[in-house]
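One structure follows; several queries about it will come next.
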């Protein structure tokens, strides 16, 4: 635990009835880190994100963010503290235009600076390449555009830490590079990023640290090149 | 158009309506007009919760009747001007709305809706068993001997009071729509989990919507005892309020303040006219059928249909201009 | 008043047997015996009532608990069943429960039709939360108003040989008008449970409740399964309705009294667990029975509502639920 630890997860456990989704998860993420989180489907990655962000309540363990204990805080309170996430399956506000979709976190996260909201909306849309569709509805978007909107909305909350949950699934090579450069750019601006992905090329390129989750347990946490050579990791996930 | 101009426009429209009815001189116009205004208030109040946040209240009758029976209680204890009664009625219904919400809004919307259905039954049972307000035999309310405003009769006075309430409710609904709060409500309706993740305090906003909606319903019900002069649970909790509260916004369109107004004027006038010719049960049956028909065929109500026509017209014209 | 009949035929004997030799200086034991009498009968009627409540709720355990369809119109179908039983009984003297069994296929078809509309208009569009609910409310409302138009607001009742006689076992009264419905209810619930766990179709329904994707992968059509299940759920309303009008006289607005009860039991019972539904129904039955005995029957809806609120506030997962 160093002075610039931003996110501290300790002993986190979550069950659904008899099913243990997460067991004893410990994870520290430092300011401005680029962390990759990988694991087979059903290993609990999204559950972990949901517990960290407050969408689900974990029964055991705790989460600290910027020194503050998050347990008991609702999801919107955690967002206001600077912890944002994008959803694996995009969840846009379907009756609001793209610009309005971004306006919501700007209005409610309490974190955007002095820049006027409309200007910030357009700036974010420009960054993700959706500026020309600002008054369209989400249903008019393609898959990748939805993913970009999802990321843009998380960015609109002006987070200190952004969790990107499988933002690249099903996208083409070029589209993956698109999103990747977006996240790298974000990180260079000072945002800590946790990238959850299956696309190993992207994960390896992006991560400075790699965490592996299998069947609700963390089995590896460290330098990416070493982690991918770890026999347990190869057996459980990569070797398939 | 900003808020103040909107209010002015509404007041002018209302004044024009009042003036027209005055000139025509038929007292029935004021009786019927009161009922239509009451439904505009009720439908708009419902829509602030149902249309904006997506949480469906089936207990409109309970909130409405609580306002009416608060007046009955106050009337037996003291003398207060009708607007004061409305404030108290609004307070009571608002608190009940807050309470119901507090107990159920942490869960999915269906549970809130079920709770409002059950609430309607319970409140009716409690009032029916409460002898102070007359129980099942009902209560007689004597109108005050003098009208607070000069030159008009009591029904015309109630008409004006309800008109002012309608202006307040519509102005509130419109203001909410265009404000930060309106965005928050819309996200609750669209995707509550994403809303929370975006920083929207969903529970707080839902409670706010439930309280405002309930309060306005209570205010709409408060003058009723003076209008009917005899109030019993059967009429206070009439099925008419239960179905109209839901049908009018859904038929008119839930996406803006204008929808419930259209629905209330359309269905309200229809029912006022029909009551003369057909039985009230048949009347209500028609409303119920219209509700089901619109919800299946035209989910965005009349506003949605108009919107669709406008878009098709625009398409058509755009095609034409390319020729 | 719904659920707790107040005719003197039903009320338990309040006075102890006067022929017993009680020492005069033990007045407390007399009161105790009197209360024990009342208590015992309150519990028994509660259990019998609970069995009936289970029959009333079981359809919603399927539609809401398993299929996640918020069918708030279920009481309307039950009342419809009551009136059909009434017509059969009043015109040709048919036993109400027999009439309900004969009407079962019709109710099943009705359920299938209703689900088809619901699916096409709402579930497929993802609009169940607002408009789907409003649709069912519309059905609930229309049914009540139609019944008022056709039958008026008078109470209707049926005649059957088991309405009236009471079995006396010790200090306990078992009115047949409560006992027979309870037995019918238990048979219904048991039958459905066997169907769900032993037949292929039944297991498919349970599968749909758990994981629609898996079902699709098995090349079974979830929509078809749900349609059948919803049909079954409405079919139970036929029997529930007949059993209702055996227990008490019926008029069109009674359906609304049952909404709170039905959903309270469904949630408390764990949303789809039949055993849980039975236990929850008995619990509510006993609590209502006690309230009726000691405070008067007009408080019944308040009891059910209180139950619902407590359940929602404390244990939305219910007793046996997920």
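As written, the chains take the letters A, B and C, and residue 1 is the first residue of each chain.
To be clear about the criterion, a residue touches a chain if its C-beta (ideal position, glycine included) is under 8 Å from a C-beta of that chain, and two chains touch if they have at least 3 such contacts.
In this text the structure is predicted, and so the values were computed from the model without any measurement.
Enquirer: Return the chains shared as contacts by chain B and chain C, ordered by label.
Expert: A chain counts here if it touches both chain B and chain C, and no chain qualifies.
Enquirer: Measuring between mean CA coordinates, which chain is farthest from chain B?
Expert: Measuring from the centre of chain B, the most distant chain centre belongs to A.
Enquirer: Quick one: report the Å distance separating chain B from chain C, using the average Cα coordinate of each chain.
Expert: 33
Enquirer: With chain centres defined as C-alpha means, what is the inter-centre distance between chain A and chain C in Å?
Expert: Between these chains, centre-to-centre, one finds 47 Å.
Enquirer: Using mean C-alpha positions as chain centres, tell me how far chain A is from chain B in Å, no decimals.
Expert: That gives a centre separation of 43 Å.
Enquirer: Touching residues of chain A toward chain B in the complex: what are they?
Expert: Within the complex, chain A touches chain B at residues 53-55, 74-77, 79-80, 84-85, 87, 91-96, 100, 103-105, 107-111, 153-154, 156-157.
Enquirer: Could you please specify the touching residues of chain B with respect to chain A in the complex?
Expert: Touch list, chain B to chain A: 180, 183-184, 186-187, 189-191, 193-203, 255.
Enquirer: Which stretch or stretches of chain C touch chain B in the complex?
Expert: 70, 72, 117, 121, 125, 127, 129-131, 133-135, 137-139, 141-142, 144-146, 148-149, 256-257, 259-260, 263-264, 267, 298-299, 301-302, 304-305, 308-309, 312-313, 316
Enquirer: Flag every residue of chain B that touches chain C in the complex, lowest number first.
Expert: 50, 54, 56, 58, 103-104, 107, 109-111, 113-115, 117-122, 125-126, 128-129, 239, 242-243, 246-247, 250, 254, 279, 281-282, 284-285, 288-289, 291-292, 295-296, 299
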